[in-house]
Amino acid sequence: MIQNIPLSYYLVISTFMFFIGIYGFLTRRNLITMLMSIELILNSVNINFVAFNRYLYPQQLQGHFFMLIVIAVAAAEAAVAIAIIINIYRNFKSIDVENVDEMKY
Amino acid sequence: MNILNLFIIVPVLTVCGIMLTKDLKQSRLVSAIGMGVQLILAFVLVYLYLAERGAGNTATMLFMYDAVWFPSLNIHYALGVDGISVAMIALTGIVVFAGIFASWKMEFLPREFFISLIILATGVYGFFISIDLFTMFLFYELAVIPMYILIGIWGTGPKEYSAMKLTLMLMAGSALLLVGILGIYFFSAPAGSPLTFNIMEISKVHIPIEMQRFLFPFTFVGFGILGALFPFHTWSPDGHASAPTAVSMLHAGVLMKLGGYGAFRVAIFLMPQAAQEQAWIFLILTSISVVYGAFSAIVQTDLKYINAYSSVSHCGLVLFAILMMNQTAMNGAIIQMISHGLMTALFFALIGMIYGRTHTRLINEMGGLMKVIPFLGVVYVIAGLASLGLPGFSGFVAEMTIFVGAFQHVDVFHRVVTIVAASSIVITAVYILRVVGILLFGPIKNPHFLELTDAKWYERISTISLVLAITAIGTAPWWLSNMINYSLAPIVERISAVQVTGLF
Amino acid sequence: MLNEVMFYLFGAMILTFSVLTVTTRRILRAAVYLLFVLISTAGLYFSLNYNFLAAVQLTVYAGGIVVLIIFSILLTSHLSERAVMAPLKQSIFSALATLAGATLTLMTILRFSFVPNTGVDPQLNITDIGNSMVSYNRDGYALPFEVISVLLLAAMIGAIVVAKKERKLKE
Amino acid sequence: MADYTYTLLIPLIPLFVFLLLGLTGHKMKPLVAGLIGSTGLGISAILSYATAFKYFIGSHVAGAGYASIKGFEVSWLHLTDKLTIHLGVLIDPISVMMLVVITTVSLMVHIYSIGYMKGDPGFYRFFSFLSLFSFSMLGLVLATNIFQMYIFWELVGVSSFLLIGYYYEKPSAVAASKKAFIVTRFADLGFLIGILMLSFNTGTFDFQTLTDPHGPAIASAGGAAFMGLSVLTWSLIFIFIGGAGKSAMFPFHIWLPDAMEGPTPVSALIHAATMVVAGVYLVARLFPVYALGAPDALMVVAWVGGFSSIFAAVIACTQTDIKRVLAFSTMSQIGYMMLSLGVSGYGGEEGLGFMASNFHLFTHAMFKALLFLGAGAVIHAVHTNEIGGMGNLRKHLPITHITFLIACVTIAGIPPFSAFFSKDEILVAAFHSNKLLFAIEYIVAGLTAFYMFRLYYGIFWGKNTQYHHTPHESPLVMTIPLMILAFGSVFAGFIPFHALVTSDGLPFESKIDWLIAIPSVLIGVLGIVVATVMYKKENPLPDKVAGTFKHLYKWAYHKFYWDEIYLFVTRKIIYRYISEPIAWFDRHVIDATMNGIAGITQYSAYAIKGLQSGKLQQYGFVFVSGTIILVLIFVYLV
């Protein structure tokens, strides 16, 4: 069964996903794509939780619930973020992150 | 109930009372009553103090009160007074009282103004009565911070700039001071016994000389900045010029004395060896202060600047005398603090009153005011004469005590700085008479001045109370001097017990 | 065997679509690629025998969040629009930092040998999960559940307030 | 020993009057204020006369000498273990003599002022200041110790300041008062330093201890040396600087002519009879110390006095403002007194100069006050100070004329008027000590007679000047003091000073040395004759003489440019080259440094705030790289 696939493989996948998300966050100019990058990051973390739960402590449920909570947080975050993005769009007529630097200093 | 606690409680109650008031009339009334009570308390304290001494109480500090308020660091709310602090409290009482009357017509945000003013006064009272270094520092900060608000909101001219400058420089002083105080705290306790902030406890041990050498400059300069030590005095002219009348009065009259008092009570008293060693540096600085301030005052054209520079000169004399470290000079320093506090408060009150009438502080635009506002004119002349050290007023007593004391040192260095400092009495005469001559005498330059009215009753209360105090000290100095001398004796004994071969 | 195939398949899909998500110039496509990533992740969960999680992943993430994102894309962009890419310098530095981070993490992970607990092969059913979610016993998660529900409520209200058009002051 | 506690009242009554008039005077009728002032002073005068009578005659045991007695003393301020400032009254020959002089002149001036100041809006103020001055001056002469003297010395200075600046709306008066105060203040600094040195070395302020010939002060004469002179000598020289400032000795004399801006009675009281002789009194007070402890300091006194007397006499010959002529004459006469003290020795016949100095002080007070009050009457009548605006007044002002003439004859040293006696003693003392000084005094005697009669002729004879309204004689309230003082001027010379006021309290025999007296009288007469020839009738002679000594005349007329030198020093050097640079330095260097520190802080803040760009991705990049680096450090390197 799953023993054929080592735990590290999952971790490798989640690591790559995580850093791809970070790369996206650092390079994409569109706020929504940045948001999507964050979703990637969160998702990669979820994979870790689930994999650890499955491999190391299969009789327990912590990983499950962490994942559920992260999803909930991700949903909440997405909702708020999109609300903010829409508001920004309304004020700046753009959602390019380069234009949104009023909050400096 | 310890009487000293009242000095904190009464202002706090007054502040609460002001919060309940609605307008200028009510708030100034409450302030006047509160500070009047405080003034009476101050006199009661003087009386009780003298009575205790008369009854043969020889303890260094009287009316001690002690409560722990931060046990883990051994910080106490420790109170106690000796003759010196009693004298300073009486000074504060008079100046604050006069200050309230000088701001009788504070139309703009009166409640907030009086609250800030009284918080400041609380800080000053607290500073003078506490004998715990940390509590002292706390009250010191409490006195300095409201200054920013008072100048920044109710000031004139470039008030934000001045307020910022004053506060920042004084805060820099506080920072140095904090280093000094913490250093004293950590290095004063003998091995095995708990660390303490209590001055009387610390004075029983000797801080290691190496630490003293390091900590003394921090502490002395920290207090010295507030005492307008050259070259850290530049906040004073700007700050005073921008501050509203009562604030200038309190600041020059009382707050700057915190510097002198602290330098004496903390820096020199607790670290006598280092003080003896390093005194020469600061003696040079202070004698520069004295002469330099006076010379600068000669060419100023703004009344408040003149007075601010004169304060630099006079406060320089205070620190100068403290550094002479003998009983007579130190006695003179304390009297000079009180005397200068009263005189300069009187000056600033008068300047405020004159400014309120003429709407200018530039002496070149004024002239002949004696004719139209004789009361203020006469009081101004009295203040001027007191300031240049006329016998019969407090300044003379203070200066003469200082000079006689300073002259007790036989070496050339001390003689030279003494003579340099003494020469300020001539320069002082020059700038005082210049101002008086231009401002009050001569023909009236501006026809609009002919319509000016003389002092109102509240202005008279303010000025007369100060003039009376100045004259009282000037004509009967012995009670003040003896009161101070009694308390100075143990301090001087401690200082002179350590004879260090300094540079001179 | 099947598991292995599924794992490699989903792993490859995840990586591919992740890369595509962050590199494509069309924003709507990026959202769709993201959807694929999420679905592939759900596939991974299936292969781990965690059906409930996979279901949640599909419904909430793929069904909820992605739809939300797509809506907002439609609200704020034109479909024909090509996303502006970051300047080369920024891309290179980001890539370098990312690569360094990935290398570092991978080195850490791979150097550590995890010892899987192979003794049990739990058969989880939804009832157990539901019970422990609302249980307040030692292994119960009632409190986090409540907390997260409050958070969701707050986020919802917050999102509404933020996104609401400000009323004109002068009417 | 007699009880002299009541002498305390002599200064205290004027103080009370000062406070009364100062606080409530503006509500009084002017005349009431004047009367209160005069009455107060009158009581003081009577008490002084009583004291003088009691001290010199009443309780004196013949042949025992005059002791110095402390009538009263309280401790005022405790300074060090040894030094305590006391306030009290000291009764000895010179203080009693000064009491008489001050109260007499002051009383005359008070009465005179009731007429002179009539109608002035500040009438009460004038009288309260006069009382303040009287109080201070009396306190000064009664001082039991040098510090008390310094206290009253300053008070005297300030009363002088207030009275010179009495017409405060007149800029020249304000300037003059300022000048007087600051110049004397500068000299007082010397006095203060002198006191500090003296008291430190002797451990006492007290005059009785200081002047005790076997006391610590004189015993310390040999002490450490600085520039060849002992500490005692230096301290006494410093003290003399203070005295020279008050007494308008060269080079501190510049304030005195300007001080004539004050009302004339003030000039008579302060700047002729009393305050300006305070310097003489100071040296006389410390005379045993000077004579026994520091003869070098005494030489300084003599030479400063001698130089001042001839310097002032030369200037006086050229001035045209009558009050300024009198001012320089005062300076010249005080120079006489100083010189006389300077050439004196201690004890017995040796102390002739000391006696002569005090004698001259006494007679000078009488005739100089008379001259000033007479000049005041003239000014009152013609409303100008300039000699050019006067002339031929003898018919209009008969009483003033006679009394003025008496005073002029007195100052010229013609027997039997009082100054003849006192001046003769001075000349004798100088003759026995220093021939050069003696010669100077002869010249000064001639010059004195010359310029006084120049003045006299200029006012009362000379050309017929047209006046706007006919000058009329002053009221009785002004002329009676003139007559009383004239009486004093004539007969004061017969007081046996050598039996009363001597350096060691013991009387000695003194008689007129005709070999010296007759030439001096002749010189005086010569001066009068020259003045008569030149000025009695209007003639071109004065201009011709002035033309002959053109440069000397010009220099003397401009007071040898001392005012200009002082102006240069104060305006240019102190104001322009010290104060302004310091003020500039304060604003532009020290304050700029502070502002610079603030500026640097602000600049760095701006520099750092660039990092806070608001660019989300930049933050993200920094965050990620930072995390990587930290992980690298903490996981792999540490």
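So that you can tell them apart, the chains are marked A, B, C and D in the order they are listed, and the count of residues begins at 1 in each.
We take it that a residue touches a chain if its C-beta (ideal position, glycine included) is under 8 Å from a C-beta of that chain, and two chains touch if they have at least 3 such contacts.
From a predicted model like this one, the values you see are computed outputs, not experimental measurements.
K.L.:
Looking at the contacts, which chains touch subunit A and subunit C alike?
P.N.:
For subunit A paired with subunit C, the chains in contact with each are D, in label order.
K.L.:
Closest chain to the protein's overall Cα mean, using per-chain Cα means, please.
P.N.:
That would be B.
K.L.:
For the interfaces C-D and A-D, which has the higher count of C-beta pairs in contact?
P.N.:
A-D
K.L.:
Determine the centre-to-centre distance between subunit B and subunit C, using the mean Cα coordinates as centres, and give it in whole Å.
P.N.:
Centre-to-centre distance between subunit B and subunit C: 68 Å.
K.L.:
How many Å are there between the centre of subunit A and the centre of subunit B, using C-alpha atoms for each centre?
P.N.:
Distance between chain centres: 63 Å.
K.L.:
Please compute the C-alpha centroid of subunit C, do the same for subunit D, then give the distance between them in whole Å.
P.N.:
Distance between chain centres: 101 Å.
K.L.:
Whole-Å distance, subunit A centre to subunit D centre, using C-alpha means?
P.N.:
Their C-alpha centroids are separated by 96 Å.
K.L.:
Can you tell me which residues of subunit C touch two or more of the remaining chains?
P.N.:
86, 90, 94, 97-98, 101 - these are the residues of subunit C that touch more than one other chain.
K.L.:
Return the residues of subunit B touching two or more other chains; collapse runs of consecutive numbers into ranges.
P.N.:
In subunit B, no residue touches two or more other chains.
K.L.:
Multi-chain contacts only, two chains or more: what residues does subunit D have there?
P.N.:
Counting only residues that touch two or more other chains, subunit D contributes 617, 621, 624.
K.L.:
Chain touch graph shape: choose line, ring, star, complete or other and state it.
P.N.:
other
K.L.:
Going by the touch rule stated at the top, which chains touch which?
P.N.:
A-C, A-D, B-D, C-D
K.L.:
Going by the contact rule at the top, pick out the subunit C residues touching subunit A in the complex.
P.N.:
Its residues touching subunit A are 3-4, 7, 11, 14-15, 18-19, 21-22, 27, 30-31, 34, 37-38, 41, 44-45, 47-50, 52-53, 56-57, 60-61, 64-65, 68-69, 71-73, 75-77, 83-86, 90-91, 94-95, 97-99, 101-102, 105-106, 109-110, 114-118, 120-122, 124, 128-129, 132-133, 139, 141, 144, 148, 151-152, 154-156, 158-163, 165.
K.L.:
In the complex, go through subunit A and note every residue touching subunit D.
P.N.:
22, 25-27, 34, 97-98, 100-105
K.L.:
Write out the stretch or stretches of subunit C touching subunit D in their complex.
P.N.:
86, 90, 93-94, 97-98, 100-101, 104, 108
K.L.:
Provide the residue numbers of subunit D that touch subunit C in the complex, in ascending order.
P.N.:
Result: residues 617, 621, 624-625, 627-628, 631-632, 635 of subunit D touch subunit C.
K.L.:
So in the complex, the part of subunit B that touches subunit D is made up of which residues?
P.N.:
Of all residues in subunit B, those touching subunit D are 165, 168-169, 230-235, 237-238, 292, 295-296, 298-300, 327-328, 368, 370-371, 385, 388-392, 396-397, 400-401, 403-405, 407-408, 418-419, 422-423, 425-426, 429-430, 433-434, 437, 440-443, 477-478, 481-482, 485.
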